[in-house]
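Shared chain: chain A. Partners: chain B in the first complex, chain C in the second.
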Partner chain A sequence: MKDKSKALLTSENIIFVVLLLLGLVLPTFTNAYRLSQYSYYYSMTILALSITLVWGYAGIFSFGQAAFMGLGAYIYGILSIAAGRDGFNIFALLIAVVIMMALGAALAYFMFYGGVNDVFVGLITMCFGIALQTFMGQTAGEEWQVLGVRLGGYNGLTGIPKISLFGFKLGDVAFYFFTFIILILVYAAIRYSKITNAGYSLTAIRENRSRSELFGFDVPKIQVIVFAISTGLAALAGVLYSVWGSYIAPDNLSMTQSTIPVVIVASGGRKNPTATVLFAILYYFLSGKLAASGSSLNYIILGAILIVVLLFIPEGLFSTLFSKMDKYILRRA
Partner chain B sequence: MEKKILELKKITKQFGGIKAATDVDLVVREGEIHGLIGPNGAGKTTIFKLITGLYSPTYGRVYLGGKDITRLPAHKRAQMGLSIKMQIPGVYEDLTLRENIRIAAQLYTGKKELEAEIDRLIKLVKIDDLGNPKVRNLSHGQQQWLEIAMSLASHPKVLLLDEPAAGMGPEETTFTAELVKDLNKQGLTIVFIEHDMDFVSLLAQNVTVLHYGKIFAEGDMEEIKNNKEVQKIYLGAV
Partner chain C sequence: MILVFRHLYLFLDSFSFLLLSALGLSIIYGMMGIINQAHGEFIMLGAYFTSLLSVALHIPFIISIFLGAILTGFLGLLLDRTIICRLYSRPLDSIVVTWGISLILSQGIRIILGNSVESISTPLGSFTIGNEKFSTYRMVLVAVAVITLMVVYYIFNHTEFGLKARATMQRSDIAKSLGVNTDKMYAATFFIGSFLAGLTGGLYSPTMMVVPTMGTSFNMQAFVTVIVGGSNPILGSFLSSALLGIVNSELSGWAGSFAGQIGLLIMAIIFIRICPLGVSGLVDRLKAVRR
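For the complex of A and B:
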């Protein structure tokens, strides 16, 4: 029993509990506007976690997460605007995620059963994003309507409605908790999955694909499944983002938008969801402060951190810090 | 005669204009230790890749336990009981010893029995004194034994060993030979590739000699040892 309680006292768990408590009490000492900013940070953290799963766990480098996120948001926007009933929107969210998982599975099927891997996956997903952004950008005309909703070209979709649960429209505080709970669930699932058979399958194919095949793992099938789940998570992040800002536009699908979460995950520690969450929330918090002063300094700082991390602590800033802290805790215990 | 467990029929593999294997017929019988030998570039590893499914043959067929597995993907063959220890240790270096075995075993053992199965496999290859270090920190020989443990996790019918004693010192080589004999005594059919004729004569009951991708000679150990032509190709005369 004592051993068990000791095993729970890891730096990751401590950080998690601290973040959880901070997240729970935050609404009591901040105003509604600031609080809603956190809904945005949490959505983007879910996007970063989708990369932790597909890249950090399974070794599949996807550069298209922002595109999947954006497309998920478009689908939610179209469905919810077309339906025009608040009660339907939670289903619009689910439908968007499911459609995007199917799309992710289809894309992954052609890549992984076609033997495409490594850097080429990065290139294909990047091209997918660029093509999608370009396409959505030219949908300004009257003729570009889906279910009677105009796609709006570079202006994107505006007036995307809020989500309602049990007949109540989620206002700032409720939506804050909505995104917070989803983030916790996604984080917990990804973190727990690491020690399951599924998680070990991902580790196996990340570390050595052909060897794992010879141990009996159906490598392309595992790759398709994890890619589809990751696409679904990106879409979920996109829906939350579009509900938060009530709009989605082709700019959200850009290369820059796809790069930032990749850099966040790489800098924090790509195999470690706790590191990803911590780094993502800190980054978006700080960049929010910097953006308020009207500069792009956040990109420069993020880039500088990435270079330092990749040169000196390739496993990532926080995952390295966590393992150092754990050694310290073990020595003290 | 024991029944055939693994059989290659007229297996040919062509890479562009180069034939890495030509019309290779090979029969491995249940319970034997079969050596596959030949000079560098004779096509031994190619044959292993054709058996495991990493390569598909230009023509010819592969049978496992009488079933045609020529068109099956590698992972299906592995699940059917074909296991391999690769030449360069195919272990997961960044994971611990037990995690390595867990990955190899999880498809074949229920969750509740996994820990016990890991213990069994570690004991089976006699590396239970190593503890649970990161595999990167193990010696070359220890990694080879670990990989043998991992390839046993699927309860294979046939175990392929690609140069099991490569890069080992004399003591480690003896340990490996004993280990292979032990496993064979427990009923496992073993096919191995080796350069070192001393090691081959320690182990093999039957031997197939490959040369330039073709079968050069076949027979029991004594016949091959006394075969003048085989001696010649090993001395580079042919």
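For the complex of A and C:
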């Protein structure tokens, strides 16, 4: 019993509990505007977690997460605007996630059953993203309507409605808790899945595909499933983002937008969801501050972080920090 | 007759574009297993160097292209020696790191040189067949693409360097134990790849706007060509440029350049599903069957 409690008392868990408590009490400290900024941070953190799952756990490198996110947001926007009823919007969210999971599964089927792996998955998802962005960019004309909703070209969809739960429209504070709870659920599911059989098979695939196959794992099937789930998570993040900002545009689908969460996951620690969450919130918090100063050096800093972390701390900043701290505490105890 | 020529012209145009944009990327991938995400940005640098040399310093256009390509090649060499050589055994990480490099390059150029430079007007004018005008320069580019391919083929198949480079590509450990300096081979390969990227940029600089983001307009086509081409850099990029050139030019002519791009992507995904090793893998299999 004592050993078990000690095993739970890692620096990773402590940090997580601190973050959880901070997140719960945050609404009493800040005003509504700042609070809604945090809803934005949380939805982008979910996007980053989708990459932790697919890249960190399963070793599949996807460069198209922003495209999946954006497409999910487009689907939600079209459905909710076309329906025009607040009560329907939560179903629009679910439908968007399910459609995107199906699409992710279809794309993954072509890739993984075709024997496409490693760098080529990155390239195909990237090409998918670029093609989708180009497509959405040229939909300005009248003829581009889905369910009577105009896609709007480079301006994108605007006026995307808020979500209602039980006949109650989610305002700033309620929406904050909505995203917060979803984030915690996604985080918990991803962390828990690591110690299930499914998680073990993902690790096996990541470490060595051909050996896992010889041990009887159906590698392409597992890859398709995990890719579909990750696509669904990205779409979920997109829906939350579009509800937060009430718009979605082709710019949100761009390669740079796909790269930021990759940077976050790689820098924080790609195999560790806690590190991802911590780094993501920190990153969006700081970049919100930086954006206020309007720095054109943003991308240069982003690129430099990426290079330095991958060259010198390949396991990621916070992952390494967690294990260092644990070792230090153990030695002292 | 004129109709046939128009189709041929569009095909050759898109064939040479695909071949030139993909060749450098494909050589680096085939030899080193590294996907250089900064490839498009190297092309952009080549275009910038060429435009600056020829507009600001009044160096003749052809020499500017060549100098620009050499400068880009040396920059690639520098990046290889400082950053990429640490990632030879981690190809997946190299995608992320080279993407970081591409961010720095395009934003750095934007900060240093502003949003665009004075462009060069397309040289050589045009020729007329029937009553339609065609650009002479585009046809020269086709010739240049074919010559470049032949030179690269010669280098890799008929020189001592090429022999050592191919040995390194097939079994680097055995090549090493036979006294080949594999690190040097990798560095030289990366130089050649970057040189070809710079050359492409220089050649296409008069035909498009020279802006910091122009790299991305090469990237997708180049990657798709490499995916379809497979592991043999020279044969693969030649055959897949030809194949994709037909798809791209016909679709673009029929439904606009956007349809051409989407067609390339769909073609690549389906093709890789049917034959995962690309065109060069298909050729290898056919050879094996014949024996």
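Keep this in mind: the second predicted complex is superposed on the first by the 330 of 333 C-alpha atoms of A that agree within 3 Å, B and C clash if a C-alpha of one lies under 4 Å from a C-alpha of the other, contacts with A are read in each partner's own complex, and residues count from 1 in each chain.
Going forward, a contact is a pair of C-beta atoms (placed from the backbone, for glycine too) under 8 Å apart; a residue touches a chain by one contact, two chains touch by 3 or more.
Values in this document were obtained by computation on a predicted structure and should not be read as measured data.
Trainee: Have a look at where A:M126 lands relative to chain B and chain C in the superposition and call it first, second, both or neither.
Mentor: Touch status of A:M126: second partner only.
Trainee: Examine A:E207 and indicate which partner it touches, taking first as chain B and second as chain C; both and neither are also allowed.
Mentor: Once the two structures are laid over each other on A, A:E207 reaches chain B alone.
Trainee: Count the residues of chain A touched by chain B and by chain C, then name the partner with the higher count.
Mentor: After superposition, C is the partner touching more of chain A.
Trainee: Who does A:V116 touch here: chain B (first), chain C (second), both, or neither?
Mentor: The answer is second: A:V116 touches chain C but not chain B.
Trainee: Now for A:Q138: first (chain B), second (chain C), both, or neither, which partner does it touch?
Mentor: In the superposed model, A:Q138 contacts chain C only, not chain B.
Trainee: With both complexes superposed on chain A, which partner does A:F285 reach: first (chain B), second (chain C), both or neither?
Mentor: A:F285 sits against neither chain B nor chain C.
Trainee: Have a look at where A:V262 lands relative to chain B and chain C in the superposition and call it first, second, both or neither.
Mentor: second
Trainee: Please indicate which partner A:Y192 is in contact with in the superposed arrangement: first for chain B, second for chain C, both, or neither.
Mentor: It touches nothing on chain B or chain C.
Trainee: Taking the superposition as given, does A:L302 touch the first partner, chain B, the second, chain C, both, or neither?
Mentor: Second partner only.
Trainee: Kindly classify A:L311 by the partners it touches after superposition: chain B alone (first), chain C alone (second), both, or neither?
Mentor: second
Trainee: Enumerate the residues of chain A that count as touching chain B in its complex and touching chain C in the other.
Mentor: Of chain A, no residue contacts chain B in one complex and chain C in the other.
Trainee: Under the stated contact criterion, what part of chain B meets chain A in this complex?
Mentor: My answer: residues 52, 54, 73-75, 78-79, 83-84, 86, 90, 92-95, 99, 102-104, 106-108, 111, 150-151, 153-154.
Trainee: Hey, which residues of chain A end up touching chain B in the complex?
Mentor: It comes out as residues 197, 200-201, 203-204, 207-208, 210-219.
Trainee: Touching chain A in the complex: which residues of chain C?
Mentor: Interface residues on the chain C side: 29, 35, 83, 86-87, 90-93, 95-97, 99-104, 106-108, 110-111, 216, 219-220, 223-224, 226-227, 258, 261-262, 265, 268-270, 272-274, 276.
Trainee: Contact residues on chain A for chain C in the complex?
Mentor: Per the stated touch rule, the residues are 59, 61, 63, 107, 110-111, 113-116, 118-120, 122-124, 126-128, 130-131, 134-135, 138, 255-256, 259, 262-263, 266, 296-300, 302-307, 310-311, 314.
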